[in-house]
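Multiple structures follow.
You will see two complexes here that share subunit A, one where it goes with subunit B and one where it goes with subunit C.
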Partner chain A sequence: MPFRFPVKFDIPKHSFVNARVIRDQFKRLQYEEHEVTRNALKYIARNTELPSRVRLEAQLQLTSMPKYTAYNQIRDRCVASGNSKSLIRDFKLNRTAFRERARAGLIPGVKVASW
Partner chain B sequence: MFVVRRQLRVSGGRSIASFSTGSIIHKKQDSVKFTSPQEHIEEQKLNKVAEQQYQQTLLQEDFEYNPKYVSESKVNPITGRPIPINVELLKYKPITLKPTHGNEVATIKFRGYEEDSLIRAGEFALRSAFYLGIPTSNLTSLKTEKRLYTVIKSPFAQAKTKQNFHRVTFNKTITAFDANPEVIDLWLSYINKHSIEGVKYEAKMITNESLDFSKELQSLDEIELSSTYNELNDPIGNKVKELLQSDNFKQFLKESK
Partner chain C sequence: MSSLLKKIPSQARLNQAKELSAAVFGHTWNPACKRNGSKILRQELKGPQISKYYGVNEELPTFKDFKKWFPELKLVDPREEYRLKMVQDRKKRNKGAPKKKSE
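And now, the complex of A and B:
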């Protein structure tokens, strides 16, 4: 089976791994790699002091970059289950993973609230 | 822990640092009398004899051992002695020294999920400050933060039934006054050495500079603030430069001129 991503990269070791987590990891790594270029192009494209043709060229180059290099493609995922829905950002955990751990007393400081 | 008290002999012009580092008691200096060389030699001889006598008395004399206790009747079964005052005082709230001048020198902020461990850390800091002679405020509570997490109880459906969790973060501070920066450094490093797990320590030190501090800075040869701006170290800025100098962009830049 051919490697399905355009670039080879390491599989994440810190978290639960499934296809979607790997896809997200790939986007994160790609964003990190192209962050400087994207921001530089954005700077040129938005700088009103530069001639419009240059700005247009920068904008074209920016749009011609692959989508996986964009920041907005990255989505936070649960470290324990790989789920991306109802994620609690403070702990990087999904609601069910969070509830299990909190009830077991594994998350420091978190207790069942009653008032 | 035996505490033996000796009488301190203080010569004429010396200054004694009092218990608080902030204030220094200066003994009034006697009007200086100039002596002839022969007189000086005789004086020195007398001093030497007195010193030897003093040393001998130190060796012969039996020291009076009278440590202080809070409750003398209570005897430690292992040692057969009452408990020394500094150990006994651990049962009570820490004593603090009163600020002599009121200059704020340092503040420590404690942060954690358990109030007991915060109190333990804070009282340790207060006690060590007392024995180092640093005037401090009491351990004061700051606003506790409560973060509420409401999650659906069931892993699937039944979204009406929820469960609440919360994380309470306690904050406490100590303010230190009037001490020298060296003493504060010593204090903070001691606290750091014996820091407790589960408590976040944050220390802020305040130092005073003279009004012509900026002039002093300018006169320094090593610091050159302006030169740091000469070389552009920003990676994005460098990339912009590189892009605009590339053939693709050069062509459009030329056309527009």
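And now, the complex of A and C:
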């Protein structure tokens, strides 16, 4: 089966994996790779002391970069279920995955509140 | 008669002094608050942190690795076994994955 991404990369081994997690991982790696380039272009584009022609050129180059290198394409997902909705960021877990684990006592320091 | 108190220096003169002081102590001098993009250069790179979100593959060995390293132990992953059992059960109830299309 062909590898359906423009660049070959390692699929995460220690997390739940489905197509959407893999896609997100790809964007993360791409973002890391292009971060410096993007920042440089952004700096030129945002610098009001530079000639406007240069700034426009930088902005155009920035927008012509692939979308998967942009930070706003990255979405945190649950590492246990791959879900992206009602994610508890501190634990990287979806609410149901978190609840199951918490009830089973698998998350240190978490217990049911009762007062 | 001239006063003993000196006159307060003009604003331009004060600004000159401030500029000089900034040059001496390595501070930035940007009185008009022009946007010069230094905000972007000052930021820390967040790529290394972000790419680690789903865990680092080389950090820990997986069950598969152990199976490969110690084939003589005949290790069985209970989770994988459970999954295969469920697949078989579903197949029995005709709920399995559809057959591949043959030409």
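In this text, the second predicted complex is superposed on the first by the 114 of 115 C-alpha atoms of A that agree within 3 Å, B and C clash if a C-alpha of one lies under 4 Å from a C-alpha of the other, contacts with A are read in each partner's own complex, and residues count from 1 in each chain.
Quick note on the criterion: a residue touches a chain if its C-beta (ideal position, glycine included) is under 8 Å from a C-beta of that chain, and two chains touch if they have at least 3 such contacts.
Computed from a predicted model, the values in this text were never measured in an experiment.
Contacts of A:E57 after superposition on the shared chain: subunit B is touched, whereas subunit C is not. In the superposition on chain A, contact of A:G109 is made with subunit B only, not with subunit C. Applying the stated contact rule after C-alpha superposition, one finds that A:N83 touches neither subunit B nor subunit C.
By the touch criterion defined above, A:T69 lies against neither subunit B nor subunit C after alignment on the C-alpha atoms of chain A.
Once the two complexes are overlaid on the shared chain, A:T48 sits against subunit C while remaining clear of subunit B. Residue contacts after overlaying the shared chain place A:T37 against subunit B, while subunit C stays out of touching range. Contact with subunit B, but none with subunit C, is seen for A:T96 once the two complexes are overlaid on the shared chain. Taken together, the two complexes place residues 36, 39, 43-44 of subunit A in contact with subunit B and also with subunit C. Looking at the complex, you find that subunit B touches subunit A at residues 113-114, 147-149, 151-153, 155, 163-169, 198, 235-236, 239-240, 242-244, 248-249, 252-253, 255-256.
Per the touch definition, subunit A reaches subunit B in the complex via residues 36-37, 39-41, 43-44, 51-54, 57-58, 86, 88, 90, 95-96, 98-99, 102, 107-114. Per the touch definition, subunit A reaches subunit C in the complex via residues 10, 12-15, 21, 24-25, 28-29, 31-33, 35-36, 39, 42-49, 71, 74, 76, 79, 92. On the side of subunit C, the complex with subunit A involves touching residues 34-37, 39-41, 43, 45-48, 50-51, 53-57, 59-60, 62.
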